[in-house]
Amino acid sequence: MIHITRRERFSSAHRLFVPEWSMEDNDDFFGACNNPNWHGHNYELFVTIKGEVNQQTGVLINLKDLSKILNEKVISKVDHKNLNTEVSFLKDCVTSAEMIAIRIWNEIEEPIRDLGAELYKVKLIETENNYVEYYG
Amino acid sequence: MIHITRRERFSSAHRLFVPEWSMEDNDDFFGACNNPNWHGHNYELFVTIKGEVNQQTGVLINLKDLSKILNEKVISKVDHKNLNTEVSFLKDCVTSAEMIAIRIWNEIEEPIRDLGAELYKVKLIETENNYVEYYG
Amino acid sequence: MIHITRRERFSSAHRLFVPEWSMEDNDDFFGACNNPNWHGHNYELFVTIKGEVNQQTGVLINLKDLSKILNEKVISKVDHKNLNTEVSFLKDCVTSAEMIAIRIWNEIEEPIRDLGAELYKVKLIETENNYVEYYG
Amino acid sequence: MIHITRRERFSSAHRLFVPEWSMEDNDDFFGACNNPNWHGHNYELFVTIKGEVNQQTGVLINLKDLSKILNEKVISKVDHKNLNTEVSFLKDCVTSAEMIAIRIWNEIEEPIRDLGAELYKVKLIETENNYVEYYG
Amino acid sequence: MIHITRRERFSSAHRLFVPEWSMEDNDDFFGACNNPNWHGHNYELFVTIKGEVNQQTGVLINLKDLSKILNEKVISKVDHKNLNTEVSFLKDCVTSAEMIAIRIWNEIEEPIRDLGAELYKVKLIETENNYVEYYG
Amino acid sequence: MIHITRRERFSSAHRLFVPEWSMEDNDDFFGACNNPNWHGHNYELFVTIKGEVNQQTGVLINLKDLSKILNEKVISKVDHKNLNTEVSFLKDCVTSAEMIAIRIWNEIEEPIRDLGAELYKVKLIETENNYVEYYG
């Protein structure tokens, strides 16, 4: 059993707020992240898959296939986008690092299984001081 | 003569476009950076000042004073903000890394001179693959 | 279940030695780290907590609260300090990365539980070539 | 129980290909990595061991001993070498990151056990976008 | 006047030796870098150009055009290649970081001038401990 | 003309204070850096030299010779030491990053000239947010 991780990056705008709350309550809870004019980040996405190494090829899967899935299912939809208004798989949720990681997991779990591997972890770095990890 | 550099960081939303141009022309030139719904970055700002070392204190200036200027004049105005619509010193310009660096220079050159040092360089990293440097 | 990690940093002096051992034995075992005049490091502390994401706010806890705990319980006590002589929670132990990580765990486990999350890991980077991880 | 990680680095040439396959099939599967004239990488190796902290010394083991094992068993054999033709423990396998990590595990597991610790993980970074982890 | 830097990466095999020297003399001077079976690196290339910012677009040049030149003239020729035997612009020279940087300068100076900018610096990082800079 | 940079690292304890000042004045000016019980850092030292590339060897100088000078003249004297009390070339000065960089320059300028190169810059990183550069 081996674990392989591929990094991809995207740069997006977002805002953290609960629509049912008042502006004051959102400011209290989310601080500057509640700015209605948006702010943004360079996100780093680390996707870890696991499985058995093919004894002939010496690899778990062809990394090009994993990168293709990540670009089709995630990066092309979030890079240089507004995470709150333009990303279908982030509809109806706060665009926190937690929720982005969970929703990315949901988008890629099945395509990765079709490759013959198992999704193990989605890690999302929002700033150099904060990151989240989701194991499904 | 010594050069000292202080790093500060900010996370902002922006959009690159020329208002006089059509949407198509802006797309051709700026690509995904022209998204009218914004995108964003974690910016890293490196400000380099130069001057003579004080022979008694062993330092050029007190770095706390430099950090205070950078926070008052720059970081508090751009962090978790929309660079196109909320930052007075970026009014009426494309919010490219080039223009942000030049305008930051203009904001801090005089306060740094008042500290007894000379502003030497403003370096702004937009992504791990791109940065600009401005020497005035 | 989600894991969230917050990074904090501190710069401290320390010395590695067993008080019951001779200077020679300490030199043999700890090498230059046994310098009685101290040496020091820029430490990086990564604290990982886990728990369920709040479905309304989209976050596990408010990271400001975690950061406040880390600063009150750890950073304010170790940053720009001598780890051997000035830190009450490091009394009576070798100030190895292992022991610092374990003692930091003991300081923050309960306050983090009071926040509604569970402490999962304390990771402490001493140099770019060495780090320790403690899971309780 | 504590986990300790030591980083070592090596710079090597290699080529990915299955000897039983045609050049065309290898090109299809491995792309540019199948270049018969070789290419190379700066590899970063992170070896994590685990065990109980010695209550007197405050450490799991003396890191100098771990570093010595890693240099004798791995780094001296792979650094500035051709991984396909010059490394005995990589004989008869594709020199993928997966296989290198697995074979390194086999080389160091026993010597680390002799130190009084248990090998927990071999992590091998091939490029900033790809790494593998092996847990035995 | 503004300076803009673009980073590109390539992974290559090479060997350092003077063909007119004996194996012993090359070993004495180049050490393990003289391995006739090759070794390799992940190179990081930082290309800095300078010029006036266009007052309408806010940028010096379109970075896509710079990236295209770097890929056509450099990266496509060196990435996953043997620098000693497969790269026409490195013919007849030692493939030291110094010579690679100088020869890259020669390949891209004119195309960058045709873009309306001036090549200012080629920086080449060979390992985290060594890099060269060439200013023409 | 080429510029070559070599990185070395050291971990040391120090304290910033002016002996002629009162404790209060030192606290006001240097803050926590005036802790009489010391604190410490992981310093990164980047030494840049310049000169003509030897047309036969393709290199400016043999980097092993530069590394040897840096280790003999600097690293062996400061690593795992107290910069205020144990380093002869830092006698009688505040151990600020500025003064350390200047004094390192004085220690290595002549030995580097003897190698046939010219010292161009000493860069000293004290934390990820602060560094100094000295050009002689």
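As written, the chains take the letters A, B, C, D, E and F, and residue 1 is the first residue of each chain.
Operating definition for what follows: a contact is a pair of C-beta atoms (placed from the backbone, for glycine too) under 8 Å apart; a residue touches a chain by one contact, two chains touch by 3 or more.
Bear in mind that the values here come from a model prediction, so they are computed numbers and not experimental data.
**Q** Please find the path from chain A to chain D through touching chains that uses the fewest steps, and give that number.
**A** 1
**Q** Shared touching chains for chain B and chain E?
**A** F
**Q** Between chain D and chain F, which partner chains are common?
**A** Neighbours common to chain D and chain F are C, E.
**Q** Superimpose the Cα atoms of chain E on the matching ones in chain F and note the rotation angle, 0 to 180, in steps of 5 degrees.
**A** Rotating chain E by 120 degrees superposes it on chain F.
**Q** In whole angstrom, what separates the CA-based centres of chain C and chain D?
**A** Here chain C and chain D have centroids separated by 29 Å.
**Q** Using mean CA coordinates as chain centres, what's the gap between chain A and chain E in Å?
**A** Spacing between the chain centres: roughly 34 Å.
**Q** Show the residues in chain C shared as contacts by 2 or more other chains, in ascending order.
**A** As it turns out, chain C has residues touching two or more other chains at 31, 128.
**Q** Among the chains present, which pairs are found to touch?
**A** Every pair of chains in contact is listed here: A-B, A-C, A-D, B-E, B-F, C-D, C-F, D-E, E-F.
**Q** Write out the stretch or stretches of chain F touching chain C in their complex.
**A** Contact set of chain F toward chain C: 9, 11-14, 31-33, 35, 37-42, 79-82, 85-86, 127-128.
**Q** How about chain D: which of its residues touch chain A in the complex?
**A** 16, 18, 20, 29, 31, 93-99, 101-102, 128-135
**Q** Given the complex with chain D, which residues does chain A contribute to the contact?
**A** 1-8, 48, 53, 56-60, 62-64
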